[in-house]
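Once you scroll down, you'll see the structures, which are given as structure tokens.
Both of the next two complexes hold subunit A, though its partner changes from subunit B to subunit C.
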Partner chain A sequence: MSPLPFDPLLVSIAAPLALALAIALGLPKRWSVLLAYGAFAIPVLMALHVWWHFGDAAKDHGYAFLTRYATGLDGVGIGLKLGLNGISLPLFVLAALVGFAAGLYAIQSGAERLKIYLMLLLIMQGGLMGVFASVDIFFFYFFHELALIPTFIMVGIWGGRDRSYAAMKLTIYLTLGAMVSLLGLIMLYVKSGAHTFDLIALRDHLAALPLAATVQNNIVGLLLFGFGVLVSLWPLHTWAPLGYGAAPSSAAMLHAGVLKKFGVYGLIQVALPLLPDGLAYWAHPLAWLAVIGNVLIVGLITIAQRDLKQMIGYSSVMHMGYAFLGIAAGGIIGPGGVVFLMVAHGLSVALLFLLATAIYHRTQTFALDEMGGLAQKTPVLAAFFVAATLASIGLPGFANFWGELAIFVALWKFSPLITALAVAGVVISAVYGLRSAARVFFGPSSAELAKVTAAHPPADITWKERFPALILLAALLFIGFWPKSLTTPINAALTPHTSAKVGNATGR
Partner chain B sequence: MTMLSHAIFVLILPLVSAAIIALFLRRSGGAAAAVSTLTAAAIAVISVMLALHNERFTASTEWMRLGGLVISLGFKFDDLAALMLVIVGIVGLCVHVFSLGYMHDDSAKARYFGGLSIFMFSMLGIVFADNLFMMFIFWELVGFSSYVLINHWHEKQSAADASKKAFIANRVGDFGFLLGIVMCYWLNGTVSLTELAAKGEARTLVFSTLIPLFLFCGAVGKSAQLPLHVWLPDAMEGPTPVSALIHAATMVAAGIYMLCRINLLMVPAALDVIMWTGTATALYAALCAITQSDIKKVLAYSTLSQLGFMVAAFGLGSLSSTHLHGTEAHTVVIAAGVGAAMFHLTTHAFFKALMFLGSGSVIHGCHHEQDIFKMGGLRTRMPLTFWTFTIGVAAIIGFPYLAGFFSKDAILYLAFEKNSAVFALLALTAVLTSLYMVRLWKLTFLGTPRSDHASHAHEGGLTLTLPLVLLAVLSLVAGYTAFYPNVFSDVFDHIPEAHGSDHTVIFITSLGVMAVGASIGYFFYKSTPTDTLADKVPGLFAALSAFKNAFDGAYDYYVAKIQQRFVLFVNFFEQIFLAGLIVRGLAGFVGLCGLGARALHVGNLNAYVYWFLFGLAALWLFATGVL
Partner chain C sequence: MTLEAVKLAAEANQWVAIFPELLLACLALALLALEIVLPKKLHAYIPDVALAGLVGALGGQLVNFQSATLGKESFNGLLLHSPGGQVMRVFFLLTAMLVCILARVSLAKQKVPRIEFYHLVLIITGAMMLLAQSNHFVMFFVALETVTIGFYILVSYFRTKTASLEAGLKYLVMGALSSGLLLFGIVLLYGVAGNPTLPGHSASALHYPALGQFLVANPHNFLAGVGIVLVLVGVAFKIGAFPFQIWVPDVYQGAPTPVTAFLAVGSKAAGFAVLLVLTRDVFASYDWLVTPALTAMAAATILFGNIAALTQHNVKRLIGLSGVSHAGFLLLGVVALSGPVASVSATGAIYFYLFAYLIASFAVFGVMAHIGGADDSDQTLDHYNGLAKENPFLATILAIGLGSLAGIPPLAGFMGKFFVFIAAFEGGARWTLALAVVGVVISIYYYFGWIKAAFFEQWITPADTADPRPVRTPVDVVSGIALGCLALASIFIGFYQGPLGQWLTLK
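Presenting the complex of A and B:
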């Protein structure tokens, strides 16, 4: 238990939601903005607190800080059960950090109707904290929907180019994905016969009475399709670049950085321990789809992009391919690498979206062809962007490297051929990463940019922009230099010793 | 353990320096230069201390653990590492000091010196690494520092392109390197150099031709061997001291160092590939160097060629010799490839760094003129640069009893013993080497000035000349293995040495090739503003240029025509076929159905009656079997 007199998990969910409610009830703008700092900061403080105390905390089945709140739905096995294990802890911290950075960036952006914008962002933040703190599958799903709905509204109202088409496409795709995965989860609930959505109880139950192979295969099939849409598995991904291209920066940061990880997280937290045979059944098609579709095809498409934000969107689709590959590879190294990569990618892609918007404010365009030579005017912004790019293409020293490395190592055991194809992705990502950095910042400045900068001389990155960027960059470097900060809890969660009975679920 | 703590200190120090510069000294270039240079000085001093101290150690600590995958951060400090450490330390210090003068007025001095510190950190990591994962990590980091430093003058399009090209070419090599590491990890259960060596002793090492070949890919990228060599000449866009440190003496030599590290994984087939790659690179680059007019480009191709020598030497492999001990015959196998390659790496590091810094001094003196046809007559205007550069030239062409003479002889002898075709090609390369070096030397320093810049050339300050003198001394003496204290014996004991009649053959060959090449270079080329070869034998000149351009052309064609068109095609396919036809089509189909269904509901009684009658008729037709 945590030494705090209250439940830090509940507080980190409730604080943003409470402020969102207060804003909805008519809190004045000045107070809304002021309190928003606190509402975004509280989850960070709570997350750091639980991260610090996780090692010593008492654990049940690997879960620490367990608390159960009555919901009145106990009859159908639904209860708000909060807790963290070694897989959810890193993502919980990620959600808090990215949320804080996105919140700070939103506040300084001075968007139109800022109050409502912040309200939606706070709902997202509360939902995200809930997703990773929930031990109950029902609430895990509920919080995801809670976080998802504001995204549609934010894209539709504050979005950029093509926002109405993007919002519609996003809504249809993600609702469909969520529906199909819900179907899978309900099927799991029904077929397990445990009459509970509690992951821990389900684990124990299914360890004793595993589901039949065909049932597992069907459920995992549904989950892979549903989660596949949410995580942009090729060819279900076309919503992602379009949506991110249109989304306002803070929404893109939170969605691409954190919310999108819901699907992969679900596969690791639910499918991997509960439905190992089903996952093994789908492993090969999944791996081929991910490596050919996400890594190679989408990787090449990323090279062809002319729009900075769409390029970042495509690159994140590509990196999600690695996540699927790690899951397919199995064992401890594969999924462990995936958790690592999810955290790293969440931080780096959020940073890239933040910086892309900062660039836009100086160039008035996202078109790569119309930029060039910006580094002469904004050297610090250039340094940030290059660092974020190199992080996302897996340069050692940043967190992403460890995740990719672990996935490649695990993948070799699964299939050397797929490994070779996947590793070719590191060359592709170097091409598009460095190309975009060079197009924006290096070389002589383009005629278009010269016109814009003559009218509005661009200032270097301001402290208000720099602070949220620094949070993300510092986290990337911290994890990159000290990978054990993540791998220790991940190992603890994935190593079978937490419950001898589910041993076969994790070790293949 | 005191030596271990020294090693840790020497590794951490440049990282701290880089962090301090990045965080606090961005606007104060002078302070950044001081911090970085003091760091380099401390590294040089401690490196020499570490090497001279006889303690050799290994130590490692767990860095990351994921299931069964353990990646550790460790030190393997043996004679090989000690030698490399000293080279990096000394050349690093020289380059830092030189940079103080050369980059004195640069507007982004802090970034430059921060980059140098990051480079020192990464390079030392490669030197110390006790396992392949760690080596790969620092391997990528040197690539990053090289990227930053090549891109130092980033407002130039050529610099931006060159840095990108360097990073991507290295990534292509690293693709294979990483696969090799992962394969070795699964086949042998470890990538720790110490544990691999133990397995080798116990004869439980699992060999595969693929592992060394994959790992060699890394060396092909980093040491710029064919066909990934294209980035190195372009990398000359970076400031000249950077070219001396990174693109001549240390980073590009890391590929050879890595090969020597994994020597125990080698199999004959892989060695053959390595040998031929090195030989081909040596010859190709020497041919390219002949037509260059940029002083740095000549040196860059020369570096490629010399790296080819080292790689070929490594690929030639071990030598076994039989000694009679009383009545028993002992067969002694020496890792001659490692010995010869590392020996040449050492001497090359000194004389090539000397020549690059010398060219930097020339460029500085001539107000950033790099065209040798606009130089000339610098002998009297820059005497110290002239004499030190002359020592460098003499060393590289194998002038008797200078550094390059001994190391090149070792390689030639090894080739002579192992493979006569390689021997002939390397000897031919040696002829070309002395040809293009003497050409460069004559055009730059002799004759009369051919431009205003050259006639007003002047020697730089003490920071520019001191490093030259130090490196010149090393180029004079570094070839004498007796010169080295007895602390590198694990490496230098493996240098192949010819005896008896072999010795005579090698000595004569070596003198011959040098004399022929140097004479052609000296007597054929005239101190004119145009290339004598282009004037007298335009056909040959054009052929050589075309030969040189063939690779660049092929890559440019690939990038612009094949890769770009292919990605555009895939993008088009995605936009039109997937996002357009299928997704929009599906949506469109649903929409069309909706539209059709809506058309039925017009709210008009007559229409409904007609539909009703139509349906009734259809039903009747169906029931009677007409439909």
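Presenting the complex of A and C:
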């Protein structure tokens, strides 16, 4: 157990939600902002604390820090059970870090109606901490929805161009995905016959009495469709670039960085141990869909983008293709690489969204064609952006490299042809990544930009913007240079329960 | 007279079993008496008497929830006091309380008599409570007619408004038709079950257990099947299920907002309380007929309600059609109960859904009552534009209420849908469930459109005219507290089902 006198997981969920409630009940603005620093910082402190103590904490089925709170639904097998295993720990830390950065960035942005904005962001943060700390599948889903709803509102009110349309499209798509995956989870609950949503109990139950192959196939099919919409699997991805293009920066950071990982995380945490045959059945269609659709088609679309924010949105859709490939590849390295990549991608895409907004404040535009030569005026901002781009491409030294490498290694055993196509995707991401950096910061300045900069000479990135960016960049580098800090728990979590069947069935 | 005789007389006295209903009836009469007795300037306080009486009745009902009569029949089998009946009593008392609170806001904008309105609400509530506990078709029909006749008056209560009168007439015609069909079904069942040549026949075939036994003994009797279908049709009119929902949009639009709320929540729930008892106990042996009929009805109701609501601009029609879709979701739960593999959790799921629906609906209706002007039948989405800026309180309540109706976590409505979906899956209604998911996604569009109107759109008054929108009623203390409690309850029940979950789900 953790040496703290309270449950660190519950506190990291409750602190942001409590402040959100206080703001809703009419906390004055000055106090709201002041306390928001604390409410965003507490999850980080708690996350670092559990990360530090995870190795030597007592574990049950690989889960540490287990506690259960009854919510009055014991009769149907639902209870708020919190705990972390090696798969959820990295994402829990990711959620805390990105949330902290997004929170700090939101506070300094001075958005209109800042109080409500912070309230929604805090609800999102509380939900995200809950998603990864929940051992109960029901609450895992529940917290995801809790975090999702504020996104719709934030896009609708604080969004940029086409915000009304984007909010509507986002809502309908993501509700569809959420409802279909809920159907899959209900099917799992009913068919398992265990009458519980507790992941650990379900795992024991299904290890003794595995589900029939057709049932597994049906459940995984539902989950893949539902989670596929949520994670923007091609061709269900169209909400993502539009939504991210319109979303305010902090919401985009949290959604693209953390919330979107929910679907992939669900597949690894729920489908992989409970429904291995079903996952193996769908592995090949999934892999082809991911490599042709997400990596190649969306990759090429990304190159054609003329809008910086939409480009980042498309690039995040593309990188999710690698996550699906890793799951399809199976074994230990595949899903392990996916968890690693999710953390790395979460940090880097959040950093990119943050920097894109910082650039917008200086150029008053997201159009790549109307920028150029910004590096002379804002050298530090340029350095940050180039670093983030290189991380996103997967340069060694950054965390993304290890994630992609592990996925490619696992994928080679699965299908060399798919591996070759996936590696070609890295070239694509290098093209659009470097091209966008070049367009924004180097080369001659466009006439439009010259007018804007003449009116408002752009200042370099301020310390208030720099601090959240530094947190994300430091985390990327730390994990990049010391991947063992994450791989040890991930390996431990995946080794005992990954069924040999996945490896065999997918190794054909 | 010996002490023993007094004790016997007291034990045989069954009136105590319907004490809450008697209390409401006395209260209703007392309101009329007060109007005669009290001086005119004190008349304004009579509605408060009704509200206080309801609060008292609700408190008494909760305290006396585990009453001694539980599980027993009374009045020669006319009533059966079941735990489900107790739950529905609480439900109807809560509904009546909230209707009275809405009426305080809405009636103030009209020159109409006040006291009779509360009188009728109390009478209808008492009848609904009896309806939910009826164990005999005579009781069932009499209670149902009391409810329906009360609603004929309430729907056309704004008697100077053509919309209200038109709605009243439509409700009268459709209500009479449905009562006729229902009665015909009851008579057929009575006739066929009284046929001495058939096994299991009974002289008192209107008594549910007797009829149930007859149906078990004759599981494929054609006339009984026709009778069952006609009874279901009669109930389907009350809950507004497709294809018997045609009266819903017009009547919901024309009726005064509190009455619309009463129809949408109370009348619908009463229909479901009856349907639960009938399908689970009485018609159980005819599941080969009841289940397909209800499944088809549930699927069609969900689809029709949601698709028809998509294009509505008038919020009262919109909420009416969305109510149709909620009837479909509830029917899904009933299907789970009547199917070949009866789901154990379905009854609790339906009750939970009803309570979540009550809480969310009244939050929305409460906001509607404040937005509407003297003529509240032409309330459109435009009236909500800019609400978030002008009155953040009402806008927040509206968003929470609509979110809960749409079934968005972490609100109570989501939990209701979740439980019903689990029950439907257990009951084997897979395809209807798939349709229901489609329905939820469609419903997001119009609920979200309403929220969008309140939060994202700005109202611009045309330059050359005065603002055509009615003046928004300021929120007074009582309705403010009520609405705040409803919104908080939606959130709280979504997060922590605690006592309610144990009370409803674990039975």
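We adopt the following convention: the second predicted complex is superposed on the first by the 496 of 508 C-alpha atoms of A that agree within 3 Å, B and C clash if a C-alpha of one lies under 4 Å from a C-alpha of the other, contacts with A are read in each partner's own complex, and residues count from 1 in each chain.
Everything below uses one rule, namely that contacts are C-beta pairs under 8 Å (C-beta built on N, C-alpha and C of every residue); 3 or more make two chains touch, one makes a residue touch a chain.
Owing to the predicted nature of the structure, the values given are computational and were not obtained by experimental measurement.
S.K.: With everything superposed onto subunit A, say whether subunit B and subunit C fit together or clash.
M.R.: fit
S.K.: Kindly classify A:Ile471 by the partners it touches after superposition: subunit B alone (first), subunit C alone (second), both, or neither?
M.R.: Neither partner.
S.K.: Using the superposition on chain A described above, determine whether A:Phe142 touches subunit B (first), subunit C (second), both, or neither.
M.R.: second
S.K.: Between subunit B (first) and subunit C (second), which does A:Asn491 come into contact with in this model arrangement: first, second, both, or neither?
M.R.: Touch partner of A:Asn491: subunit B, not subunit C.
S.K.: What is the angle, as a multiple of 10 degrees, that the CA centres of subunit B and subunit C span when seen from the CA centre of subunit A?
M.R.: 160
S.K.: By residue count, which of the two partners contacts subunit A more extensively, subunit B or subunit C?
M.R.: B
S.K.: Which partner does A:Leu73 reach: the first (subunit B), the second (subunit C), both, or neither?
M.R.: second
S.K.: Taking the superposition as given, does A:Thr171 touch the first partner, subunit B, the second, subunit C, both, or neither?
M.R.: Only subunit C; A:Thr171 stays clear of subunit B.
S.K.: Just to confirm the geometry: in the superposition, how small does the C-alpha gap between subunit B and subunit C get, in angstrom?
M.R.: Comparing every C-alpha of subunit B with every C-alpha of subunit C, the smallest gap is 6 Å.
S.K.: Which residues form the common part of the subunit A surface touched by subunit B and by subunit C?
M.R.: Common interface on subunit A, subunit B vs subunit C: 172.
S.K.: Which residues, counting only subunit C, touch subunit A once they are in their complex?
M.R.: 345, 396, 403, 408-410, 414, 418-419, 421-422, 425-426, 433-434, 437, 440-441, 444-445, 448-449, 452, 455-456, 495-502, 505-506
S.K.: Which stretch or stretches of subunit A touch subunit C in the complex?
M.R.: Against subunit C, subunit A makes touches at 24, 71-73, 75-76, 141-142, 145-146, 149, 152-153, 156-157, 163-164, 167-168, 171-172, 175-176, 179-180, 182-183, 186-187, 189-190.
S.K.: Quick one: in the complex, what on subunit A touches subunit B?
M.R.: 172, 235, 238, 242, 297, 300-301, 303-305, 331-333, 336-337, 340, 373, 375-376, 379-380, 390, 395-397, 401-402, 405-406, 408-410, 412-413, 416, 419-420, 423-424, 426-427, 430-431, 434-435, 438, 441-444, 483-484, 487-488, 490-491, 494-495
S.K.: Show me the residue ranges of subunit B that touch subunit A in the complex, using the header's touch definition.
M.R.: Against subunit A, subunit B makes touches at 26, 62-69, 71, 108, 111, 133, 136-138, 140-141, 144, 147, 151, 154-157, 159-161, 163-164, 167-168, 171-172, 174-175, 178-179, 182-183, 185-186, 563-564, 566-568, 570-571, 574, 578-579, 582-583, 587.
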